[in-house]
Amino acid sequence: MFSELEGTLHQETIDSVLLRDNPLGDPHVRPLWVYTPPGYAESSDRYPTVYVIQGYSGQVEMWGNRQAFRQPFVVTADQVFAHGRAPGCILVYVDAWTAYGGSQFVDSPGTGKYHSYLCDEVVPHVDARYRTIAAAGSRAISGKSSGGFGAMITPMLRPDLFGALATHAGDALYEYCYLNEFAKSARALREYDHDIMKWWTDFNSRVSLTKEHDMSLTLLLGCTAAFSADPDGTPRLPFDPRSGVLIPELWDRWLAWDPIRMIDRYADALRGLRAVWIDAGTRDEWFLDLGAEAFKDGLLRIGVPQERISYELFPAAHGGIDYRYPLAVEWLAHRLDRSS
Amino acid sequence: MFSELEGTLHQETIDSVLLRDNPLGDPHVRPLWVYTPPGYAESSDRYPTVYVIQGYSGQVEMWGNRQAFRQPFVVTADQVFAHGRAPGCILVYVDAWTAYGGSQFVDSPGTGKYHSYLCDEVVPHVDARYRTIAAAGSRAISGKSSGGFGAMITPMLRPDLFGALATHAGDALYEYCYLNEFAKSARALREYDHDIMKWWTDFNSRVSLTKEHDMSLTLLLGCTAAFSADPDGTPRLPFDPRSGVLIPELWDRWLAWDPIRMIDRYADALRGLRAVWIDAGTRDEWFLDLGAEAFKDGLLRIGVPQERISYELFPAAHGGIDYRYPLAVEWLAHRLDRSS
Amino acid sequence: MFSELEGTLHQETIDSVLLRDNPLGDPHVRPLWVYTPPGYAESSDRYPTVYVIQGYSGQVEMWGNRQAFRQPFVVTADQVFAHGRAPGCILVYVDAWTAYGGSQFVDSPGTGKYHSYLCDEVVPHVDARYRTIAAAGSRAISGKSSGGFGAMITPMLRPDLFGALATHAGDALYEYCYLNEFAKSARALREYDHDIMKWWTDFNSRVSLTKEHDMSLTLLLGCTAAFSADPDGTPRLPFDPRSGVLIPELWDRWLAWDPIRMIDRYADALRGLRAVWIDAGTRDEWFLDLGAEAFKDGLLRIGVPQERISYELFPAAHGGIDYRYPLAVEWLAHRLDRSS
Amino acid sequence: MFSELEGTLHQETIDSVLLRDNPLGDPHVRPLWVYTPPGYAESSDRYPTVYVIQGYSGQVEMWGNRQAFRQPFVVTADQVFAHGRAPGCILVYVDAWTAYGGSQFVDSPGTGKYHSYLCDEVVPHVDARYRTIAAAGSRAISGKSSGGFGAMITPMLRPDLFGALATHAGDALYEYCYLNEFAKSARALREYDHDIMKWWTDFNSRVSLTKEHDMSLTLLLGCTAAFSADPDGTPRLPFDPRSGVLIPELWDRWLAWDPIRMIDRYADALRGLRAVWIDAGTRDEWFLDLGAEAFKDGLLRIGVPQERISYELFPAAHGGIDYRYPLAVEWLAHRLDRSS
């Protein structure tokens, strides 16, 4: 796979200690793809690194999926360097899949310690094995959708590790991206005695994704496990599943993870970023274009200099926007610190 | 018009003092239709009254609109009494149209004193001219959509006047029915420099309702004028029109008008109601089925006896549900106090 | 009703001989609205006439329906003359409703002799009672959707009566406007043992238009009754209701009524027209924009001079285009022969 | 890739003579995946073969794509044999991609000799290298969408090679599956001076699939190249791109490839089939459920015994139905002739 690259894709695994005994019984040995750019093998240079995380339901192997008339991101990212559009970077494709389809890249008793796994295991693992520049100013994180969310929050939580980010249609402004999902899910759960776990049992007992609301409910269950699980791991829906009425103490736990609402709490971290790429499609089904606008506005408000931000809304919906990713990689590659 | 009725429809006007000099320059002389049931003229009985208010963009004359394969509500309501399904009631069709398409039946510096007009002018006007039983227990209010909203809030504010209500897909649970509108409107306003008044100027300068978002923006502007106008009448959008970010002090003014959030404040009034009809379509585009469920739940929570409530979700979207109205009229007619 | 007009709307009835004993038991006494322009009463002039027919499910009384932010066509048409935009015309609003919702303005054993009723009864009736210029060059016919279809075919069949027409999104190019309906209907009929009459029985036994496909099936049944009824009046679907496979001998009967396919057969009649207005919305759900283009192309191909044709596609879907009608009335009013 | 299989997937290439100098300049060396079932290596048995072809835009490598909560068909097909649900078969995954996205598995001057390549090159290639039972009764062909079309027509054309087939939502009943596409495409081409080659030039000059109609126009162009190309390879749209009016001589060439219309011409071939699996989703966006019904009806009409047909409509749209493929493989595996 990917024999056409001018750089090299190293398809490895990482054995996570932090994911052992995770609550969903997901594997603790995870695939990890590390891309080294053209010229890496021939030199002894150290390189900046861009961590690439995926949207909901993403698994690292999906980066190998072929789509008609398009090339996979692994290929288009390689071309950024192979065609000389930007100086070389190491790219790290991280797997944070769970049985529910995703982890939101946070630590939660409902799913596992995916944030810590990323920051405290994957990063050191890569730094130990590849000639990275192991400093925040030389390390970025990038993703789309839930991956865009992860790309926004991880540098807030760990400015010591990440000094740049790219978010494509990242989850933000939760009243717009999630409440509609709650409402639709409340309806969908009418068939399941208003009990999402009954739906989950059903989902697992038949061919998956054959009912209309399967994907929505999967996303809801996974985010619930990530944001409002009980200490014993039980996911607690942040709303009454009959009426949709929000349960403030649980919904507040979700809102505490809204990147827009995190900006003030993490203003110092954000002001320390070298480069922030923000984009989204103008017709995004989850209104993540509004989330993008709000995130950009928030950064400017707290004093992030405009010249560190690339902001663009482009005509598209949520799907099919993978062609944006290499644009961000190229932009980041020019801005990451190369002085090791 | 309506010569086929067994009762009689009196198509009058009312000259409102309260609507004089209303901020939008709308007429203060308003149509008022009063229906008296079969037998009214021949008897000297007094009758309970059901006030009928309309959804957004409704004008009283629209009750005369003909639709294929259906009969107008004026006719189907007449049949309730003509066919002996319920004892006679007087029905009062109230006009609360504004230049923006509606008033939400509240008093506001942005639109006018439509709540007071209804309660302090229309009700006394009708009681003075028709043989009503002029008591709250003999007076109901009924409506759909914005009219359902009006039907929920008016008895809360004026339990001395209204002792029963029917809400069909009434606006409630604002985080579900309005936030989606805000998000779509923020997008629509991109063409108008994020300024709803620029859109309004445009709307009034061309054939109305020829652009995709015209109706949504009309509703938004009207509700803004009703819920969050400045003292001088200027409508203030409760969100940043670029990003959609809510403006808490203005959004809170909207939420103060959410029937779900009003329940506790008006618990005594609600506990005093004789009869509450609540229904909505299971696929309502504004999730007013969830609002219905939440309203019913709230009434039960504060102690409204279950037997006073008729609650039903039926398979439908928001449109085409006029056939539900006579069902509520019939149900109310049996429950209103006839001891004058 | 319509007291605001500067002209006068005469709301009459006509007692049709041809519609007596029509197969669906529909009334033979029909409403007929005749509008005379400002100045009519004060003069002894004769006027050109524009016959106005309705789309599927239309009944003459619906011309009185009120819509928010719009005025009824009866009013906007009056303004054409009242505001001096065109010299006066008499407008005739014809009722051709049937129990199925429409007649397509043709004679059929499945519905009745609506074409003859229009041409041989309504026209003479009007000419006898109003100061019309009773000549084809002074008589136009105009309509939308099914009414646009009627406006296209009636002058083809009766060039002795009609010398001009306006079609707004008129039914044409049947492979695009009808086949999609057949396919959807075949699916809808799965619930009814593939028997449209079982659906019709069900439709009449419950609240109409409460099932998703009610309106589509109504249109299908009505067009079938109009185009492919047996001599005894039984409607014969032009396709196998299980698979949708077309039945050539019945489908050919439909195609014989496709205005596009009628052009060559009625080329002389069409070449005799003084004025042809053709428009449609670019997003028409029945692709009637393509039908409009094909009709215009056909007229040019057979030699209708371009200057007699007004052709326009405008950005809209099928609904809400009533604002186009007065534009056509104005254009026709300038082109109808006023030399009596 | 696919290390988890109990059988073995052989990922080879085939160097086609027939595809050399194909008109679109597509590669003549093609990937070919051949799956041998568990036990193949250990035995000397000969096996029936199922050829698997893809829907429009499919390339063989896409069989390796990972989808959340689902397993690739290569895996689920392996399970059919690994779990003992059916006796072993060889599966052959054929690549017939073109620059336009597909070939419809026919020979055409517009694309190349994909039918002959499949029948005269791939089949002999496989028979020469694997222990197949090289007889029609032991050879089936299976596919979805355009692949279902290929699976229907190939055995009609080459009953000497294929004695069984499975079609999942296969293209059929062209008036329903294609005319809607023509109409939408005519609209989409308004931006391109009604010239599909202008669109194609545009498509190739920018990021593909970023305009709404890109996929529809690709399909249209590819089918046009397959069905109505000039002898020099120029694709000729079967309709006037302005109005959508069909061009009979070209549309007839498409209809000549409609499986429903081919049934009578190829009745002998069809009556010789051992097994025919037909299914489709009841909500298929191209109405291929009706095509399925019509294909089944046609087979019964010409005398194919009912017991040789498996027919099912299942609740689904066109997408996400890959879980149906192994059901057909299992069913075919029981019916293919194993007497070599």
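The chains carry the letters A, B, C and D, assigned in the order they are written, with residues numbered from 1 in each.
By definition in this document, a residue touches a chain if its C-beta (ideal position, glycine included) is under 8 Å from a C-beta of that chain, and two chains touch if they have at least 3 such contacts.
Computed from a predicted model, the values in this text were never measured in an experiment.
Steps from chain B to chain C, taking the shortest chain of touch contacts, total 1. Here the CA centre of chain A is 57 Å from the CA centre of chain C.
Chain centres here are Cα averages; for chain C and chain D they lie 45 Å apart. Averaging Cα coordinates per chain places chain A and chain D 37 Å apart.
You'll find the chains touch as A-B, A-D, B-C, C-D. Every residue of chain A that touches chain D in the complex is listed here, in rising order: 1, 57-59, 61-62, 64-70, 101, 207-210, 218, 315-316, 320, 323. Within the complex formed with chain D, the chain C residues making contact are 173, 175-176, 179-180, 182-183, 186-187, 190, 240, 242-246, 260, 282-283, 287, 289-290, 293-294, 297.
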